[in-house]
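Each chain gets a letter, A, B, C and D, in the order it is written, and its residues are counted from 1.
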Amino acid sequence: MREWSVGIVGGSGYVGGELLRLLLGHPGVSDIQVTSRRHAGRRIGTVHPNLRGRTGLKFRRAEDLQPCDLIFIALPHGESAEATRQLAQLAPLLIDLGGDFRLDDPGTWRHYHGVDHPLPDELCEFVYGLPELHRERIRRASRISSAGCNATATILALHPLYSRGLVDISRTVVEVKAGTSQGGNAPTAGSHHPDRSGALRCYRPVGHRHVAEIKQELGLRPSDPLHFSATAVDMVRGVQAVCHVFLRDPSLTERDIWAIYRQDYGPEPFVRLVNEKRGPHRLPDPRPLAGTNFCDIGFVRDPDSSRLVVIAALDNLGKGAAGQAVQAFNIVSGHSETRALEFTGLYPV
Amino acid sequence: MREWSVGIVGGSGYVGGELLRLLLGHPGVSDIQVTSRRHAGRRIGTVHPNLRGRTGLKFRRAEDLQPCDLIFIALPHGESAEATRQLAQLAPLLIDLGGDFRLDDPGTWRHYHGVDHPLPDELCEFVYGLPELHRERIRRASRISSAGCNATATILALHPLYSRGLVDISRTVVEVKAGTSQGGNAPTAGSHHPDRSGALRCYRPVGHRHVAEIKQELGLRPSDPLHFSATAVDMVRGVQAVCHVFLRDPSLTERDIWAIYRQDYGPEPFVRLVNEKRGPHRLPDPRPLAGTNFCDIGFVRDPDSSRLVVIAALDNLGKGAAGQAVQAFNIVSGHSETRALEFTGLYPV
Amino acid sequence: MREWSVGIVGGSGYVGGELLRLLLGHPGVSDIQVTSRRHAGRRIGTVHPNLRGRTGLKFRRAEDLQPCDLIFIALPHGESAEATRQLAQLAPLLIDLGGDFRLDDPGTWRHYHGVDHPLPDELCEFVYGLPELHRERIRRASRISSAGCNATATILALHPLYSRGLVDISRTVVEVKAGTSQGGNAPTAGSHHPDRSGALRCYRPVGHRHVAEIKQELGLRPSDPLHFSATAVDMVRGVQAVCHVFLRDPSLTERDIWAIYRQDYGPEPFVRLVNEKRGPHRLPDPRPLAGTNFCDIGFVRDPDSSRLVVIAALDNLGKGAAGQAVQAFNIVSGHSETRALEFTGLYPV
Amino acid sequence: MREWSVGIVGGSGYVGGELLRLLLGHPGVSDIQVTSRRHAGRRIGTVHPNLRGRTGLKFRRAEDLQPCDLIFIALPHGESAEATRQLAQLAPLLIDLGGDFRLDDPGTWRHYHGVDHPLPDELCEFVYGLPELHRERIRRASRISSAGCNATATILALHPLYSRGLVDISRTVVEVKAGTSQGGNAPTAGSHHPDRSGALRCYRPVGHRHVAEIKQELGLRPSDPLHFSATAVDMVRGVQAVCHVFLRDPSLTERDIWAIYRQDYGPEPFVRLVNEKRGPHRLPDPRPLAGTNFCDIGFVRDPDSSRLVVIAALDNLGKGAAGQAVQAFNIVSGHSETRALEFTGLYPV
């Protein structure tokens, strides 16, 4: 199998660091270039202490990026669109980990952002990079847009139910708990340790920007409701989505629902259905998923109503970003889908 | 004003320790007896390190409790009912901080617990001890049952809306984040630090026992829905309730709703309406409430639907337990309602 | 007793916020002005969320500060000296909580800082504000310089031994664990939550600036050794100093040493000697001291050598800063030394 | 290369879980048996949630252990000695991760434990399993005793200096910060989350049992001093040893010392010398080492004295236990020493 030369644009951020960690261990990647505006010339271990001594690789300036087979774009939100045009000259395959190309439709983009997309014609070029939903399209894609971390958890939790029309879509409420690494590596008043440590900050009770892509992937229209809120907890890495859905047919049993989830996710290498009867680990918790590409899913049926609580957990830098992108690369390149994603996570940690 | 002699039964637990801290600083309390099965004979500072050197008081056995004016019962769940009969011989006023006497109706108790209440006739003797709802009944009571911590946050968040019939009661979803001190001071597999630290544990996605009292206080019947789930986060002390409610009249503005909350809580000394426009503290967070008797309440109106997200935060050992009980004592005894509850909380912490 | 009008310069910082919390509860303070460059005009509760609804006080500009009886200077390190000259025109009593006036001797200042002190003649005007060592001088002072937080813990731990010449001064090793609030409220790369959370950062293995004042107070010369290192742990508020000292007379028993500490600190209202035989709280831990003015001290004698491990803990914003300053104010003003400092701390928390 | 069949005795503990994680990914291990008294019959993923879906392996009873090539003994402290005699019948190679066989000399054992070792003749059969010191003996060993976690950090930090006689051995002070997983997976009062969270607990200021093996490996006699203390911080996984040593020749420069450490550790695959000039990661921190087999070492020279502060960090379950044991297995079995230990750690985390 041929070896790929790879570029990472925005390699000093947290997602960039995680991409580096994964790709340095990928046998199908022969050559890595990594750019950073601020750290050009420095060894990557000075910025990502976990990679100390792992490689002699140094950051370079974006202008010095040489043509290669594939570029991962790990720029802050809103910077991808601008960068894309130029990067497309350098590599035939682009995987964007920002949020600029996740929506298919320019009109939908305008609906959510209030302005036109800078490159509206490009939107439909990008395949939404969630392998569990779009594996075949990813395989043939030259442009891939990785899903957002909160969106990945929510979509994987709800898709089996929504795709079968089992849910009263007007009533779903999704509560996401998010780790602080989601906000990137730039210090802000909100990320200052004395202020942030131990805080429980409902930072987005309504109007989260990830809602747009969730609706798209669940087959909803922009005007359809999806009641979503997000709270940052004292956790660095991780997403947990607690989804309250209301079944249209209350006679559906827990057993029926397990059968549905198994049908969709049984063969999936990175979706684990968690079904313990008891014990502290009986429902998905992002803690032991740090560094992995797993999305754990479990649920509980409310015996007193039509409610089903579906819980999904993942690592926002892993399955929610870099891991998902590497999984997409594996699909495109013909590698085993789990290549370089074998890490099973730590416990306790 | 006369001084009260006070007993605390179950004084070695977390709630008992908080009661001690508050009552040792109460000018209307002249004499405190505190019992502990396990620690009888030891100074209280050996169990509650914050009270070191604060008092020479020692734990005594429950059998050695002498008659007094008031007994706070801070026993583990399920032990209050049994103890009550005997304690009623020792003091004319009982304030129970367990969960055995929070429901008014024996039938409702049976509905939730599956068995008959051990002292069904006593249930209606107890006043539900939330001053914001039952101040006048508390003033005349000889039996008070403090509200549960999750229930206190949820009821205070929702009561202004429910009492006015503004809400579609079939749709409300309440997501509670709870600190680990709620589980008491007995080590368990679930509270073991290496396993519990950093965990995000949805320990009660459905079927939380606090739902019964919440429904009672919101004027719902046991058969009415209230979609409630609770997640333990890596926090020792605190409750945050995120309540998604759906307004029956979507034309209600944020301004209208503020007016309603101000009408109900404006004069309340311990309910603070949080209404910042921006900044990291614009919505209630339990962190700076540790040790206080405050319940902070704020909300955000979803512009795209009839949803209103109401957020309440408090200290589960403070307003959610010991503080609320001392507030009730202040009401009964004719003290200023804020006596011994003046602590404003720390920040940062 | 007369009421004091008080100014707080630099009131939006963590130390300023703690001063506000304490002084708002002080019956001898009638009028408070508080300045902030950045937040002038805003209510203090918007910056210090624990003080929400506690007062209508707003920040003002330093230029708008009116003459008053006493000014607390809570400016960042290095800004006090400059401000002092002007503030001295506004109030007859200054209490500085920065580090600019802690050393008595201009030569010693030059030794440690490499440059001359900007106001060398002022240095000897300031009394070192540690009541346990300088109570009588504080009582008569018009200029007080509060001790540093790490210095307060270390000095109180070691003074009884050093003042009696019991220790081989060449061998003492002090290991301080520090909370992140010590670094102030300005976000930096080092305080960014995802990076700082869970870190164990030996930020000052040698050359800590607090060593100068520790040596001064222990009666050492600048050239005498004091082996000091400081590590920031994942804690917001607190200092723990673990001091390894080597007794010149190895026949000194644990009992002898307790007698010495009791002699020095027995009557002190804010030094608690911790002497549990067993249990998790048998040695000082800053956790339950947050918000208090206590310094807890305990020790263990190594049976196999002349080593004694003395451990001191305190709240860096309390006894290590604002609490100590209020204690000094109480001494100067003739109030009970514990006035407004009665909070006993929380547990668990 | 032949494949090894392996047994893990005590596989439900934290060290057992980490061994499983590593060995399941080891290409030279064909067959794993894992015992647990309490969980016999259950799938390992129910106890170690990170291994869910990773394997169908179940716990078995110790009595059901079949003969195999190698047994890892991961029993609680004090249980290895007893078990060894029987396990020696089942496998020609034993690697003990408890503390029963770390001392070479029965007399030294008696000195520290006050009683005779139960199998004194076996002591000298066991090779101390630190590859950096005993690689060649490990290669030929049939009994290996892995080093303690605190000991591993301290020995690797100090060995280059002690082995060359550069240090005044009477003066060294070692301060260890330890994570809570070191205490094992049994809930205790000391590990109860509400009590343990945020605590700074100097649990062993003197008399730590790891001192015996440290002295042995540094070439000290039991009567020689080594001033050691250990504090548990709010960290699950990790050890940081801050070692204050005093150079006999104060003219030794930082450069000289780097040369010494490079000489000893330059070729070592798992010792990384950390030598950043600045930034938050310039000294070793266990945080990004979780799950790895690295020991990071750095130091700072005190310009004002003969003191050198050497800091070592590692993962107590990785290099401090399971990783070290797998490294020893790689040496014995002729695998590359880094086999199954390639994980580079996460950041941020």
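Keep this in mind: contacts are C-beta pairs under 8 Å (C-beta built on N, C-alpha and C of every residue); 3 or more make two chains touch, one makes a residue touch a chain.
As the structure is a computational prediction, the values presented were derived from the model and not from experiment.
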item	value
Where chain A and chain B overlap in contact partners, by chain label	C, D
Touching chain A and also chain C, the following chains	B, D
Identity of the chain that, by mean CA position, is farthest from chain C	A
Distance from the mean Cα position of chain C to that of chain B, given in whole angstrom	36
Gap in Å, rounded to a whole number, between the CA centres of chain D and chain C	39
Intercentroid distance (Cα basis), chain D paired with chain B, Å	46
Set of chain D residues in contact with two or more other chains	14, 181, 185, 189, 194-198, 234, 236-237, 279, 285, 348-349
Complex contacts: residues of chain A adjacent to chain B	171, 173, 175, 177, 189-190, 194-202, 205-207, 225, 227, 229, 231, 233-235, 238, 240, 242, 244, 279-280, 283, 285-287, 300-305, 307, 309, 311, 313, 348-349
For the chain D and chain A complex, residues of the former touching the latter	14, 17-18, 21, 24-25, 46, 48-54, 181, 185, 236-237, 272, 274, 276, 279, 281, 285, 288, 290-292, 296, 342-349
Chain D to chain B touching residues, read off their complex	14, 179-181, 183, 185-189, 191-198, 234, 236-237
